[in-house]
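For reference, chains read A, B, C, D, E, F, G, H, I, J, K and L in written order, and residue numbers begin at 1 within each chain.
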Amino acid sequence: MSDHVYKSVELTGSSETSIEEAVQNALTKASQSIENMQWFQVTETRGNIENGTVAHWQVSIKVGFTLE
Amino acid sequence: MSDHVYKSVELTGSSETSIEEAVQNALTKASQSIENMQWFQVTETRGNIENGTVAHWQVSIKVGFTLE
Amino acid sequence: MSDHVYKSVELTGSSETSIEEAVQNALTKASQSIENMQWFQVTETRGNIENGTVAHWQVSIKVGFTLE
Amino acid sequence: MSDHVYKSVELTGSSETSIEEAVQNALTKASQSIENMQWFQVTETRGNIENGTVAHWQVSIKVGFTLE
Amino acid sequence: MSDHVYKSVELTGSSETSIEEAVQNALTKASQSIENMQWFQVTETRGNIENGTVAHWQVSIKVGFTLE
Amino acid sequence: MSDHVYKSVELTGSSETSIEEAVQNALTKASQSIENMQWFQVTETRGNIENGTVAHWQVSIKVGFTLE
Amino acid sequence: MSDHVYKSVELTGSSETSIEEAVQNALTKASQSIENMQWFQVTETRGNIENGTVAHWQVSIKVGFTLE
Amino acid sequence: MSDHVYKSVELTGSSETSIEEAVQNALTKASQSIENMQWFQVTETRGNIENGTVAHWQVSIKVGFTLE
Amino acid sequence: MSDHVYKSVELTGSSETSIEEAVQNALTKASQSIENMQWFQVTETRGNIENGTVAHWQVSIKVGFTLE
Amino acid sequence: MSDHVYKSVELTGSSETSIEEAVQNALTKASQSIENMQWFQVTETRGNIENGTVAHWQVSIKVGFTLE
Amino acid sequence: MSDHVYKSVELTGSSETSIEEAVQNALTKASQSIENMQWFQVTETRGNIENGTVAHWQVSIKVGFTLE
Amino acid sequence: MSDHVYKSVELTGSSETSIEEAVQNALTKASQSIENMQWFQVTETRGNIENGTVAHWQVSIKVGFTLE
């Protein structure tokens, strides 16, 4: 981590399939405006239900990136 | 969420395969007695181990449903 | 749980693929030195990012085993 | 509290006006099926937003009642 | 835990004597309406005081049971 | 905050009407014996219920004041 | 929540009158620079005191909005 | 709880025998200087060990009393 | 605590009778392999239930000991 | 800890220089009115900023002392 | 705090020397793009280790600033 | 973090001077028996008091190291 300063932001991604894909979807969207993303931490895992079935996984993450 | 009142209950489902399947198994069972389930939140992810291998994923969720 | 005494230790495993595989990787490594592992609880789910993509899932667990 | 046994359930009520009214709305609905409600504790205060304005206050409470 | 689905509810029992008896009193009452209770976890230990002396121990527990 | 030292105490006020009034009632009472109260933080919001209606709002606060 | 990605930011609004107005004041200010705000969650309720009276309610919220 | 204002303080009592006695010892000491103690909540249970045996149970409680 | 360095480990003991005995059982077992245990802190109190009765108290503790 | 009963209070001290000095400043002030202070625990570390520089470190502590 | 609205962001600064310097380094970097920073709160203190020695202190803070 | 598995242990170091030195003292002691220590996280900062002055800083850390 040396001499860098990091900022972290909180994002929520969703997926019909898995927790992993929901996280990746959030990162893919965020990488359009944030460079140098280094790490993430899952802060909440939720979902919505339709007819007794998980319709979307909704996963919140903190993402850390280098402040240039 | 408009004018509805919601109740939430806590369930634990299990699966030999994945966290996602353990959640769906809990919802499938609960849908036999609860109607109008709307959302869930994962509150704990545990498992039991046999011979150094994950035998079952045991995932606890809060499930919210409309009070009719 | 009867009359046993358990000890729990904290491990972090990683995987390029999934949360489930990261947990199993930690258990596989730990089973070389710890016998009688009984259960685990996920305490943190993190990861590192390369080029806007999850490079490794890093999952921390508490693992309980029987004190012989 | 003497010799009674209490059960508590988690409810979420909503109101366009205030936190207090959201709680009362949850209690009014719950009193149709639960008798002897004694106390509540606010566990979460959220809301949804429309055009930059709070549209509904959504307040979650634990409600305790005597098990007859 | 195999393939079962569990539900957990929150109860509060009381006793003039001990924490242990307060928990057992809650379970005894609950067993009139809930079958297959498997485990509990203490979530809060409180009490009321009369003349500088503990009058009742009031212990809250989460109780897990098999959903048939 | 300069060079002062602060002490904080925990109070609970109640009101039949609102959360805000319960906080003010606690402060009004406390100001009879504590001078120089500077800030508060709400730590818990509870209430008791009579006939399915909120009878009293009971709000706990930490109050900070300058140690003279 | 479908396929959107959300970002959440933390704001603190204040009001001389009520918790509800403090939240609305934060949203009104934020809506000048953030579009598509969807929900909020109260994370802290504080205030400052003058002459034993609540001078300002200061309410912190997390606000979620769609990442376009 | 009606119209009273309560203050709560944090105490730690100890006992060679039990958690219950440690709490009562704290209350007995506190009742010399505090009147109108109404309730307590256990916040921490610790102890010190001599020769592999619990030497003293040390139990911390919050105690609430009426502000006259 | 002077100039020592301490290590703490997490143990779970069980007893059919009481929380206190479950803690002591964990310490008795641990004292076979750990010297210089100084203090403990209760981190979780659980139990399993058979026929509506507490079958075993299962108490988890952190135990601190001097690193020689 | 033997047979003593302890009370703990919450203080906040400040310093332009360091976290350590802020704690000591709180203790120095408190020792004017509290005897027999035994231990402290840091509960919060904050500060205020002037022109992008830390102006004061503000450190909150719980301080335990013997109840005579 | 009067009528302002505040936003808070999360930063992590590092230093080879001290916790205080890591915080100041984060503020110095952030002051290049954020005006009107008012306060901070330490949320996490970590570090990396090389050859058994602290190589860098890594301190995470929430920083609040006025929304103009 | 690639393909390694990490274990973390909890230590408490002390110093008469500073939080930083207490952490380093814990690491120096631990490095006698643990190789490949990578990172630490501060979990608690306490101290004992003599005559109104901090006598020792006691800092607890989690230390992570590679499982070979």
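In the analysis below, a residue touches a chain if its C-beta (ideal position, glycine included) is under 8 Å from a C-beta of that chain, and two chains touch if they have at least 3 such contacts.
Note that the coordinates shown come from a computational prediction; the quantities given were computed from them, not determined experimentally.
**Q** If you check the contacts of subunit F and subunit K, which chains show up for both?
**A** G, J
**Q** Between subunit B and subunit G, which partner chains are common?
**A** Where subunit B and subunit G share a partner, that partner set is A, D.
**Q** With centres defined by CA atoms only, which chain is the most remote from subunit G?
**A** Result for the farthest chain: I.
**Q** Provide the C-alpha centroid distance between subunit G and subunit L, rounded to the nearest whole angstrom.
**A** 38
**Q** Can you work out the whole-Å distance between the CA centroids of subunit E and subunit I?
**A** A distance of 22 Å separates the two centres.
**Q** Roughly how far is subunit G from subunit K, going centre to centre by Cα mean, in whole Å?
**A** For subunit G versus subunit K, the centre distance works out to 22 Å.
**Q** Using the touch rule from the top of the page, what residues of subunit K touch 2 or more other chains?
**A** Those would be 9, 18-19, 30, 48.
**Q** Mind giving me all the chain pairs that touch?
**A** A-B, A-C, A-G, A-K, B-C, B-D, B-E, C-I, C-L, D-E, D-F, D-G, E-H, E-I, F-G, F-H, F-J, G-K, H-I, H-J, I-L, J-K, J-L, K-L
**Q** If we count contacts the way the header does, which residues on subunit B are in touch with subunit D in the complex?
**A** My answer: residues 1-9, 62, 64, 67.
**Q** Can you list the residues on subunit K that touch subunit L in the complex?
**A** 17-19, 44-49, 51-54, 57
**Q** Please name which positions on subunit K make contact with subunit A in the complex.
**A** Contact set of subunit K toward subunit A: 9-14, 25-26, 29-30, 33, 48, 56, 58, 60.
**Q** Under the stated contact criterion, what part of subunit K meets subunit J in this complex?
**A** 18-20, 23-24, 27-28, 30-31, 37-42, 63
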